[in-house]
Amino acid sequence: MLFSALFVPDAVADAVGERAWVAAMLEVEAALAHAQADAGLLDEAAAMRIASMCSPDRFGVEEIVRHARTVGNPAEPLVRRLRALVGDDDAPLVHRGATSQDVVDTAAMLVAVRALDAIVADRQGAADAAAGLAERHRDDPMVARTLLQHAVPTTFGLRVAGWLDALTRARAAHDRLRAGDVLAVQFGGAAGTLAGLDGRGTEIVDALAARLGLAAPRQPWHTERSRIVELAAALALDDAAVATIAADVALLAMSDVGEVAEGDAGGSSTMVHKCNPTGAVLAAACAQRGKAHAAALVAAPAHELERAVGAWHAEWDALAELLACTGGALAHARHVLERLVVDTGRMRANLEAAVLSTPADDVGAAGALVDRALEAHRA
Amino acid sequence: MLFSALFVPDAVADAVGERAWVAAMLEVEAALAHAQADAGLLDEAAAMRIASMCSPDRFGVEEIVRHARTVGNPAEPLVRRLRALVGDDDAPLVHRGATSQDVVDTAAMLVAVRALDAIVADRQGAADAAAGLAERHRDDPMVARTLLQHAVPTTFGLRVAGWLDALTRARAAHDRLRAGDVLAVQFGGAAGTLAGLDGRGTEIVDALAARLGLAAPRQPWHTERSRIVELAAALALDDAAVATIAADVALLAMSDVGEVAEGDAGGSSTMVHKCNPTGAVLAAACAQRGKAHAAALVAAPAHELERAVGAWHAEWDALAELLACTGGALAHARHVLERLVVDTGRMRANLEAAVLSTPADDVGAAGALVDRALEAHRA
Amino acid sequence: MLFSALFVPDAVADAVGERAWVAAMLEVEAALAHAQADAGLLDEAAAMRIASMCSPDRFGVEEIVRHARTVGNPAEPLVRRLRALVGDDDAPLVHRGATSQDVVDTAAMLVAVRALDAIVADRQGAADAAAGLAERHRDDPMVARTLLQHAVPTTFGLRVAGWLDALTRARAAHDRLRAGDVLAVQFGGAAGTLAGLDGRGTEIVDALAARLGLAAPRQPWHTERSRIVELAAALALDDAAVATIAADVALLAMSDVGEVAEGDAGGSSTMVHKCNPTGAVLAAACAQRGKAHAAALVAAPAHELERAVGAWHAEWDALAELLACTGGALAHARHVLERLVVDTGRMRANLEAAVLSTPADDVGAAGALVDRALEAHRA
Amino acid sequence: MLFSALFVPDAVADAVGERAWVAAMLEVEAALAHAQADAGLLDEAAAMRIASMCSPDRFGVEEIVRHARTVGNPAEPLVRRLRALVGDDDAPLVHRGATSQDVVDTAAMLVAVRALDAIVADRQGAADAAAGLAERHRDDPMVARTLLQHAVPTTFGLRVAGWLDALTRARAAHDRLRAGDVLAVQFGGAAGTLAGLDGRGTEIVDALAARLGLAAPRQPWHTERSRIVELAAALALDDAAVATIAADVALLAMSDVGEVAEGDAGGSSTMVHKCNPTGAVLAAACAQRGKAHAAALVAAPAHELERAVGAWHAEWDALAELLACTGGALAHARHVLERLVVDTGRMRANLEAAVLSTPADDVGAAGALVDRALEAHRA
């Protein structure tokens, strides 16, 4: 992402960068050698020799990518270099039975897992901060705004409970993702038949999955990309949650409303008196870009026959950027929520000034609804 | 959808049309009256009187929509008409504690449920047909094409198993959807506080959900639209599955390939000799539109505060069209798969003519992988 | 569009509906017969006989669409029916040298032209209303809000000048579209070679274009879809203009801001005291859907070789809906602008209450910039 | 873009990278000082002193971006650093009357201009190569494939003429863009009023535009983003042109078709015999990503009031990536077209083997249509 340091936490940016992808590809090659040793296709010593060469430091990332241009993917030059490193005897044992897509897809899943790991703390932090706000302001009344018009009374606790619930639902979606087989290894060889493996193909898939901490898929998924859509959808839930938090904070922080403010809000280059909702702005921008990348993956053209002409290659960047933007979105949302200054006096004043058709103290079951959101968060 | 009768099965088109929406809104009003009677907020006779008026025949659908223009949503004129129908005494009991969005959102979920019901048979039919093909051609060899180049041997069974697996994953996503709380009622009143209901709000939510066969949500979700994204994502899996089936069928049906043909393929207005893959074409078009609608929902702007300015209204059409297109996609895919003519002789001839680096009979574990796909389908 | 009567003016909805498409296809067949008579390929009397049958009343629209299912497009059954109507002698003269896509694409362009005609008055009306507001409030001060924070002084005239300028730019884009060859006939036969026309192909293209009031393209554009992208982009400018108007009106109409209000603002089903910005809401929703359709066309998969598998069919609905939504967006924007109530007193009060770092009367060259926008509008 | 060196030419990647943006922002600050000197707002010597500090080498790009986090945009820390560099006396003269968005937007346009300059050669090269192919194969017959079925005869020249025409239309769109005021400076100060400039605002806009080689806009366009949509649409035409070229080449290069091949086609990591259409694959992937970014800009949320909350920040990356992807798409398309191996014998053989309803030598006006495309290309 352009101006990545402005938008994306370093840990997430590093997790999805080119070096991380190349490192993950090497992990795959190393794990594949071991998995084939597990299955008796090569001896353990050879696997150790191969794995020992699978260090990114031995591979110039930039050079690998540049050499990829001739063949169209980074796995091929990486395998070529790895074969050169292990020497002629072991070379045929490297990448055995695999195709480039096996390596890149599995690496993509490793990259996703690490990025999701880097993201999870910010989602949790944002949710914890929201929970704190919801609890603290459980019964603080404010005016609800429907279509931006003063409508009826509500509580700030309930507003925040809505934010919290969105984060809780996103978390649940990611939990389902982790529990299922979305984050799976890819291994099948050129046609996905597991040919050339002495009939030990599915065994190797299982061993590879176990070694890499990924799921073992029922089938190779070279052109069956449900997993990518499912992953995109889960991340889109994060982005949607953040987008609403950011929009609401920016609106409630309006000078004309003044009910919240960002604790360490940024200034303006021309207007020192302003208290810009900078965190909300950055969160909104990341969420918008994240949604766009998720939408691009959802709407991507079909992958045809046994390897797609372009649709596969177009996924890499979209997936990496989706992870980066979502990481940025959650980090900014957390930052905003952890420092949010809430002006309950102004809320009350705005409520009292509002022309409402219902009594200002009728907030229905708002408190109980907040409690439910807190309970779900803590579950 | 323009030329709906060309693309979308009547049952699906009917399930998502304006009349279906208005009918569903009336179901919601009727169920709400009953649910409030359950909670003791009105007496059963009044609920019966209200419910008895909730027939779409008493409401000119076109007129309701036209009157909606002044207020911006169809629930308001519908409620006004319903109040007029029940008379002055019962009028205050209609729509009590509800806001327009409660009615429209709950109706949207009812519409979705009925459309999903209409779709499920075609997904199942497509999957069954794919399973039949995969079983029948489990071991029929063909050449795998990666980047559209002859690569290595595979089987037609394994190609179809990939299609089947995509449908199975889509089915699983819908099963999770149904089992969870995505398809939920909406009820909260203007601010989502459940005010004006004598403290019986959550009880009414539960009763309403039970009566309508929908889930009871933890919170009102007026501006927490995760459910819409989750629903869109599940439907996008259907569309992605169909898109790949359509692309593959069209490619394998190419005159230059000739390995499959649609059983009752359409002719051409100028070229009587052609055997157009019409079903694949229509399936592809529906899937493309479906994905676009799903992407629009995934990338939709945030819903702000207690009711969104436009983002909510923009959902209705996107959701209805997504359901329609996905229904069309699955229906055409089923049609194609149920009638697919497979030329195993041509497959074998193409395979033998291909210049391959591996023996033409080495299809690895293709058969076992087919069996797995069949097993998952039958589970 | 679902709830079309709520969102889309009848004139636009009619212009893009199925009946309009079928009528346009018949116009194309009639014009084609005449154009071929012009070129001496058939005698004028035969052209007259064919054209006399090209009345939509002789063609059941629903039946045509339903029969399209077998062959995958509505031109084929329409041609079949037309041939039956003209009788055996004239039948071979119908649709001569044409392919289905010639008829549907040319009809699509006719539909677009009529819809654009129906839209232009609302764009002009919106711009005129904006111009009136800009002129009237040229020097009325208000506070500028950057990132929704009070920033520095500006004028309401300048705010409106921004809206006006967006509409003026959209108009200019449409003027360029009309002046160029975007809205062109399609005619080329199955492969776009103009075969089977005794060498009079390009002559017929020109005559067809002249008769239908469309441009004559340099080439058949069966799979060269730049025109669709260019048309989508021009409409997207309308939608973007409206989206900003709607967002700004809704924000300035906030109860907390109170600087504008919609003149006949809709009420709420639960809150009679509210003055909802209904027009802005509907405008925003239409613009959002319009943008989504435009984006779908911009991001559509490639059309391959001589006729696309699905990508062509997926265009029809997207184009029709894009036109409908944009028509709706402009109509609602016009409605809002023509009735906008501006509270200059409240603007002044908000400005005076704002904590600013610059004097409240320093609005720089705002007046001159308003004049420029007015000048461009009137040009 | 992830794996940028694989997809994007270095010249384009450099033109849109962070360093290029920061350098462009500094150019803007320098030009602004000079423009204000032109208008007599500061003396020429001061402008020279300021400009002399505007070298990217004096600004750590990474540091600037990192410091941007607090305030939400990179212009603020850049201005702060520039003020420190010029010393206390000149500091107030730096960035006078400007807001951060003025600097970033104008820099974005400079970045776009340079990227477009870097792209134009590849568009021209691709078009020249296509023209060469069209001319060389003007009359070489092949079978047209509609819906991937053999249809009627055409020529390879006409197929290529379609590709060429798409590139010619894209070029024309860019020419219009350059001739118009899309690539314009942004200058207006916080509210776009040109306040604080002693009434010389519009004069400074003109001088700034002249110095930077950009257009002078009628109005500040802080939240009137038509230009971004127009730029995105022009680039989308490039991407659409490339997408079709890539799809067609990949299809015609299919082992089963064999009518074209990439001259230095990449191999496969597992299948040495394959002649992968690597260039087409990379072109297709770039075009797909490019379209997705263009669509994201077309569908972007409204920019509200005087500075958008997030929608503005979300543009930067989308625009940079759109330029990069489109540059990559055109470079790969050029590479493919310049090296395309055409097997006219195979074309003829496939044509003769096809079951057609028209004579194999009836290619209508194909030759004349090719000539038209060549003529338009040369105009």
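The letters A, B, C and D name the chains in turn, as written, and every chain counts its residues from 1.
Basically, a contact is a pair of C-beta atoms (placed from the backbone, for glycine too) under 8 Å apart; a residue touches a chain by one contact, two chains touch by 3 or more.
Predicted model only: the values in this text are computed from it and were never measured.
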Label of the chain whose CA centroid is most distant from the centroid of chain D: B
Pair with more cross-chain C-beta pairs in contact, given A-D and A-B: A-B
Rounded Å distance between chain B and chain D, as computed from the means of their C-alpha atoms: 37
Centroid spacing, where centroids are CA-atom means, of chain A and chain B in whole angstrom: 26
For chain A paired with chain D, centre-to-centre distance based on mean C-alpha positions, whole Å: 28
Two or more partner chains touched - positions in chain B: 99, 145-148, 151-152, 189-190, 246-247, 250-251, 268, 270-271, 276-278, 281, 284, 287, 292, 295-296, 299-301, 309
Residue ranges of chain A touching chain D (in the complex, touch as defined): 1-7, 16-18, 21, 62, 65-66, 68-76, 79, 95, 98-100, 189-190, 246-247, 250, 264, 266-271, 276-278, 280-289, 292-293, 295-296, 299-301, 309-314, 316-318, 320-321
Chain D-facing residues of chain B, complex: 143, 145-152, 250-251, 253-257, 268, 270-278, 281, 296, 299, 301, 350, 354-357
Touching residues on chain B, where the partner in the complex is chain A: 99, 144-148, 151-155, 158-159, 161-162, 165-166, 169-170, 173, 176, 189-197, 199, 201-202, 218-221, 223-226, 229-230, 232-233, 236-237, 240-241, 243-244, 246-248, 251-252, 284, 287, 291-292, 294-296, 298-309, 358, 362-366, 368-369, 372-373, 376
